[in-house]
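Here come two complexes built around subunit A, the first alongside subunit B, the second alongside subunit C.
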Partner chain A sequence: MNDPLQHIFESVSLLIPEVIITASLIITILLGLILKTNKHVILKTLALASYGLAIFIVLHHLPTTSTLLFGGMIRIDEFSSYFKFLFLTGGILGVWISGPQKENSSAEYFLLFHAVILGSCLLASSMNFIMVILSLELISLSSYLLTGFGFNKKSAEGSLKYFLFGTVATACMIYGISIIYGIAGTLDFSSELFLKNLIALSSPLLLIAGLFTLAGFLFKITAVPFHLWAPDVYESAPTPVVAFISVVPKLAGIAVLTKFTLAIHLFGQSGYNWQVILSVISLLSILIGNLSAIAQTNPKRMLAYSSVAQSGFLLVGLVAFGMDGIHFMLFYSTVFLVMNFLVFNALNQFENSYGELGIQSLAGLGTLSIIPSLAILIGFVSLTGLPPTAGFTAKLFIFGSLWGAYQQSGELILLVLFVIGLLNTVISLFFYLKIPYYLFIKEKKETANSIKSDVAGNLLSLILVIVLFYLFISPDKLMGWINKITFVL
Partner chain B sequence: MTETIHSAASLWLALSVLTIPLFSALVCFVISEKFAWLSPMVSSLLLFITFICSAFLFFQVGDSHALTYSWPWFSVNENIIRASLLLDKHGLIMVMVVSLVSFLVHLYSIGYMAEDQALIRYFGMLGFFTFAMLGLVMSSNLLILFCFWELVGFSSYRLIGHWYEKQEAAKASTKAFLINRVGDLGFLIGLMILWSWLGNLDITYLNLETIPTFWLTTAGVCIFIGVIGKSAQFPLFHWLPDAMEGPTPVSALIHAATMVAAGVFLLIRIESLFTENTLVIISVTGTITAITGAIGALFQYDIKKILAYSTISQLGFMVMAIGAGAAQGGFLHLLHHAFFKAGLFLGAGAIIHAMHQAYHHQEGNVDVQDIRNLGDLRKKIPITFITFMICSAALAGLPFTSGFVSKELILTQMNEWSGNAFSWKWLVILGAWVVTLLTPVYTFRMVWFIFFAKSKHNVEMVEVPIVMRLSMFVISMSSLALLITFKPFHILTIINVLMSLYPNTSHLITLLSTLILLIALVSAFFMYKNYELKDQNKFLTPNLYLDWLSDYAFKLVLQFAILVHWFDRKVIDKIINGLTYLQVGIAHVTGWSDRYLVDGVVNGMAYSAKGIGSVTRSLANGKIQSYLLWAMAGLLIFILWILY
Partner chain C sequence: MRHLLSYLIFTPLLAAVVGLLIPATQKNTFRVFALLISIIQIVIMVLIALHYEHHDGIQLSERLPWISMDLGQWGTMKAEYFVALDGLSFPMVALSVAIISIAVISSWTIEKNQKGYFILMLILNGAIMGSFCALDFLLFYVFFEFLLLPMYFLIGIWGGPRREHASIKFFLYTLLGSILILIVIIALYLSFQDPTSGKVLVHTFNMLHMQNPENIIPGSILSIDSTDLLGPYSYRLWAFLLLFIGFAIKLPAVPLHTWLPDAHVEAPTPISVILAALLLKFGAYGLLRFAYPIFPDGAIYFSWLVGFVGVVSIIYGALNALSSKDLKRLIAYSSVSHMGFVLLGLASITVEGVTGAVYQMFSHGIISAMLFLITGVLYDRTHDRLIANYSGLASKMKVFTGFVLIAFFASLGLPGLAGFIGEVMILFGAFLSQKANGLLPIWMAIVATFGLLLGAGYYLWTIQRMFYGPFSVKIPAAEMNDLNHREYVMLLPLAMAALFFGVLPQTLLNFINPFAQQFVEALFKSASFINP
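Moving on, here comes the complex of A and B:
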């Protein structure tokens, strides 16, 4: 601390993955300006290479102890490292399925990918409200732009809606944070001062501030009531972007939400029961997400609502308020990443061949394009939470931890959440299996062309399917890794 | 140490004796049609091996002591049922006899059944029968013995009905099976009584002192009813003459030598179980059977039926002996009878076979089993004649034959049993003497008309195949007393053991019986010398009215069955139909409720889900202003809900 510059250098040396992404970001800008041809291929390769390198470094330098960097702004620990691993994997998958862009926008496209990932990495490890706001905004602004990459009226409209909604949410969050800052006198939500002051003042103001702050995070994870942007944006944005923003920013939001709720929960000494609040949010997300998804005719709109419901399921792990719950939430996040990308990848393949699709227009395509159809079937089975896929295992774990939490606390709302959550697995069958139903059972109307063979996409589907099955058969490997993660605020 | 090895070797020998015939049966059942011709050879060879093993087993155990092996089988209320083998003197001799006769019958069948269409089935069942019979002899637990007892009955049923295309054969097999079931019911009840009192059915551990005499008697009588069925005793014997519809080697093996003897063997095994009253019943039943069988044999024309009645008579004789305290003699007679009666049947089979071959080339249909159609065969088939004569001599009880020895023993022991004072026992003894008088008579009649009397038909005849002659020769040789009682061979254990069964017989009895034999033979000679066999005597119908009786009984049962059927149809079926209608009605109701209530609820849920969904969905109407309104409203609702 005596030598701030020295400290900053030391801090940077521990942030190599972020540094790599940043470097890649800068190189992308430069290459975008220099290169005239083959921009897309080169930048895609660069992105994949830098993410791969970053993943390698994250895995190679798994921290065993938590280290505070930049004067308490950022903390490197196992929890954030695992999330970084997920973000980078999501980045690789998102870049993988990204088709060629227009020559003059290619660099910006990848640049924004880099920025989202950088923001997510920082958000997952941030320990200070300032850092939270900065990285969250980095993600948000980049996402707004990415959703507009359809370069049509619809896409632009979606992007604008996303932006407006996001701005309000961020405004709410900053407002809430400012109140909290006023109460606690510190922005470092892991510090003892923060804890002490919040415990000392247990007023409704704290609740209002907390809920306003939550708004920003709920917006990121598309949880009720800040989910309304999702269907419009998902529908209008390019599919690879949707796949990406439905996973990476959401998981980043989950990461910071975990930290924030644990902080505001004040180790159970808070005057308000945040467990109940989160339960209700989770419950509503599951319920509204699933019920709204039933009658959708656009696959991406349907997946938007499905994404809302999945956020609810992710929150279930958090609701348990225990180390086990967080572990199972991490497992669920991993599986969610895999199955979501599996579905979006297949959908992307269909769109590349047939253009914009309604669910009805998928009728009878199952036999023509067997690999994407099977991939989409397996992905939906997993999203529903049926064996033999990892989706089942993840739901089993997460509801197991919820049951444990219910038995410990006896809160009625947890039981309600448990029952509603399981019931919704049945409801979700209705819409998840709708697309496979149209693909395989319905007769096709007219002679449709066979799908364009897409080796990379098929390969990705295969890998993801294998991962889904593998995690179903032996989740113990991954759980063994996750279980080593100790998370202390 | 030596003892255990010795025992282990015995155990393995015993197990192989038991399993090789079963293996033979399996081989026959799995062999393909193409190689069906191999099955006679293979199973004969396997049975020979069985015989060798049993001989080894016999020499190994010898007359030293009974060996038992037991394994826990299952337990009922802490009573452990043990599967056990009992290898004692009687059992081992019986094992040897069974395996030897079975082997010889197998060998004989190669020739006799050569043209049969179902060789595989025949030899398979023969092997299976041998397995079951050996199991019956060796098992020490009465329950397991009963299992084998049933298996024996089953294979007998299959073998009697081997030519099931023939209606008589099919009927006879059914009859044998059903009548045996009547006996087995008694057996089973006896076993249940024993079980309820003892909780243990192992022959070697029967603790009879705990049973009241009444129940012991009842159990003994019930088990004896089983014996009556299996060993064709009065009044359940009329299945045996009918069973002659089966192939002749089968008659030799099952219905003369082994299976029918199983009842007698069982009596010897569980001799300790019988109270005095039971023994009275046994001896009286035996006497009646022996006399009726002998009388029946006197008036038969079918060569196999004569032998069948003779078998009934002889079995009755043995049962009588056991009931009259001559168990040792009875057992000896059982062994001897096994050989000479099997020999007689094989000889009869050879005659039938040869005659059949002879008539095969001629027109017309002649019943070759009818002794009225036979005659003057002694020169045509000399070897069959000699072997048949030896066996007949043994049956008649001529000196120097095995039959003589055992008959003497029985008569002597019975004499000792009866005592000097006059009692009902004298009647039994009188019966025994009557049988010894009648037996030579009918034997003479049979032999005379087959081999000596003038033949009505003159046909060219050829001796039967060598395998048949060989087995007949071996079996008739073992009926000669010389081979069994000749002292110089007593270094062999087998002789020793057998010798121990021969106590000194009374000279008086020997004299008397020889005298009776002479009288019988002479009178028979003069009776039948110029006698023309006419149609059968109306009074002495073949089955001695028992068929009529059983038909009557069957009719009664049938009437009862019709009544039961009526009751079943009119009452029980009505009730069941009513229940069915009720069930269908309930099914309709549940179906309705399923369709309208359960499905309705599900559909209702689906509709309401859709309805709620349309509300929640309607929030996303595309206007960002309303989105923000709803989001903020939601946030406020949250705050208000938590605060109040």
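Moving on, here comes the complex of A and C:
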């Protein structure tokens, strides 16, 4: 590292996907100023093209070794590359289902998408608390703005709520990090110094600092008790934005949470049992998410609570505290991305045709709009975790790793999480079936128009359904890829 | 000929996909299409019967790798597409083919959204075949779960007035049972290894491996030398209990039976037929196939509980049937009572009891199908099922009354009809148990015998109320014609089967008996391996 400039240049050359997104971001601003007509189509194409290119590069330059960049701020490894692949896929899907914006706000809309993805990619690969804070804020600020894109009072209210909750969570996180910095003497949480100092100075302060820091990450993944913003924000934001922010920032949060908990776990030498703390959070997320979802009458509010519960399931893989738990969590993340977009895409199609909907107003629309209805049914079956969809496989794997962890550690809380988590499938079935129930079983009250034909949306549904079935019938292919990922802190 | 079972399972599933492509306007093609598939399945079934030999092993097996993946520190996980038949599944598969064909004929009167209905029927068909053939625990689970969704919609869309409530109740109850089973499946596969894989640790869902306690990985929570307790019981006993509760919901046994009367009353006739004749069998089938062989220690330890639940179901079901005002509800409760006999036979763990249990499953399949078709005949004419609203039907509907008498007498266990053989063998087993293996106290068998008496009571009373006396029907405009050709075609084969298997039980016992002998023998052998 004799020549810092040289090092930075070398680092940039390994960050091509991020560079592409940044370039696309800048071009979007410029085009937004220059273009007068067809803004939406051109910028949408640009976004899809740049994400596609970035995915291509991520997949074709899969790192075999992990490389530290920018003086240890960022590390390129298989783990972060896989998450980048997920974020970019989420970006493509989110952009795909985004309808035309107001002519003068199109550029800002895509700009913010780029920013969220850029932030997520950086967050998944950061190895330093400063980097974590910066990229987390990049995601947060952009998503606050994105939720306001309904341009009505409700949307603005949701955006403001999101902002207020978010800032408090970030403040807590920074406060926690500052204490950890004080104890460890370094911001690089993969360094030996960090490990040594934390093991040496195991004070209750560490527990408090750790919990404060967790707050920021748990807010991002909408885990209990930092989930309160989700229903209001989901309800008020435009549906494509909800689909996007319910997946990409959440998975970014999961990525950094994985790194952070493994760091603070100190290879089992921590004085505090982070496994138990995470199990409790996971258990509460699953229970509270599912139980609250039952009473909802607005589909997006219901999906917000479902998203809380899904975070709980994602955390189950982390709770296992082992390599295969993390692998299964990656599999679950992939499946979650697919099924979530499947549901939101169909919901978006309904909203485009019928306007804002309560669950009850979907009554009897099943036969009028058969493709979105079937898509939403398959999406919900998968979210419940029933065969023959990949949701079942993912749940099977992730709870398998939890049982393995219980067999090893004998912590009773893990058994409780195992049993309660699986039994929650029954509770979740009750509300996940609500929408298909209204679509197919309830008779319609008045004659409704049939749905506007939407070839792109139907095509997307078809692709996502095929992926869900494929990952059920043969999960080995994807798991074979994921299994090659080694994750060292 | 090597893939006969796969043909049987995947013909209807593929047909469902093909059916999606037929435009919905081609209304009546769908029922012809579904019937055609059923006929193809009957042909396949005949071929299977020709290739089946009477011995105690599995036959016609097909094995393909399905999921095989590395679990890192925990070795490899392997799930297979493993289907085969033995003395337990052969009668069940044959029954399924026959009952589904009849259900398709019975669906001829469905008018509402035929495309959706028959496609769901085809999916249901394939999933039922798959569940009975699967010998890989995960594969069984997947097929079984897969049939719940079509069933939910079939009850929910084409059912009676309270169908919405009934369908969701059915789905939630059965899913609860399934999840209890899934909990055990996950724990099990991490505790069993494939002995054929050499040094590599391969976790398997294969039933044949799971039946052998030597394949349990030492040191795992479900291993036989584990002394860990969770509350009063060891983990193995808990696992058996979970499986038992899970399958008891599907059976259904009292007190987990409340979904059944609702689902039956609201479901359309063909679906009631499939529900009673086939779906209820999965409870007992699961116990025989999975719970008992994998946890013989639990089976022996909890035999009193299984027997007790069985006896309670027999009596409680019969008493409820006695007080039912709705004919369909009466038959639903009689199913609860008859499934109680299956539990009792199973709990005795004697060759007689187990043979009787499987025989009862088969004969109840035939008889309950007949009973629900009979209510369907009445419902089609009057849209009313209240017993009190009918009287003296025998004078107007002579042929129909004949079939009703056969079905009712078969169900109450009259000698010479199919219901008798199963019940009497179960009672033999239950009486024998105290002396032979000391598992069931003799009072259970005695109390169960009273169940037969109650059965005779509610059926005879119903015949007296509905068919004898002066003719009157409360629904004014209803024309009480005798059976038409379609109804005749459905009821006649079932009535003949009820007679045939009552007079010549040996035809069926040739399949069941080798299975039951091997089942009891293997169970006590593994139990003595586990608790020397």
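FYI, the second predicted complex is superposed on the first by the 489 of 489 C-alpha atoms of A that agree within 3 Å, B and C clash if a C-alpha of one lies under 4 Å from a C-alpha of the other, contacts with A are read in each partner's own complex, and residues count from 1 in each chain.
One rule holds in what follows: contacts are C-beta pairs under 8 Å (C-beta built on N, C-alpha and C of every residue); 3 or more make two chains touch, one makes a residue touch a chain.
Please read these numbers as outputs of a predicted model, since none were measured by experiment.
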item: Three-chain arrangement built on subunit A, subunit B and subunit C clash or fit; value: clash
item: Partner chain(s) touched by A:165 [first = subunit B, second = subunit C, both, neither]; value: first
item: Touched partner set for A:430, first subunit B, second subunit C, both or neither; value: both
item: Which superposed partner A:205 touches (first subunit B, second subunit C, both, neither); value: neither
item: Partner chain(s) touched by A:30 [first = subunit B, second = subunit C, both, neither]; value: neither
item: Touching partner for A:272 - first (subunit B), second (subunit C), both, neither; value: first
item: Partner chain(s) touched by A:193 [first = subunit B, second = subunit C, both, neither]; value: neither
item: Which of subunit B and subunit C A:442 touches, first, second, both or neither; value: second
item: Which superposed partner A:130 touches (first subunit B, second subunit C, both, neither); value: neither
item: Single subunit B stretch clashing with subunit C - from 235-243, 325-333, 577-585 or 631-639; value: 577-585
item: Overlap of subunit C and subunit B interfaces on subunit A (superposed complexes); value: 430
item: Subunit A to subunit B touching residues, read off their complex; value: 160-161, 164-165, 168-169, 172, 204, 207-208, 211-212, 215, 224-226, 228-229, 231-232, 272, 277, 280, 288, 291-296, 427, 430
item: Subunit A-touching residues of subunit B, taken from the complex the two chains share; value: 606, 609-610, 612-614, 616-617, 619-620, 622, 624, 627-628, 630-635, 638-639, 641-643
item: Subunit A residues within the subunit C interface of the complex; value: 322-324, 327, 367, 381, 386-388, 392-393, 396, 399-401, 403-404, 406-407, 415, 418-419, 422-423, 425-426, 429-430, 433, 437, 440-442, 474-476, 479-480, 483
item: Residues of subunit C defined as touching subunit A within the complex; value: 67-74, 77, 113, 138, 141-142, 145-146, 148-149, 152-153, 156-157, 163-164, 167-168, 171-172, 175-176, 179, 182-183, 186-187, 189-190, 220-221, 230
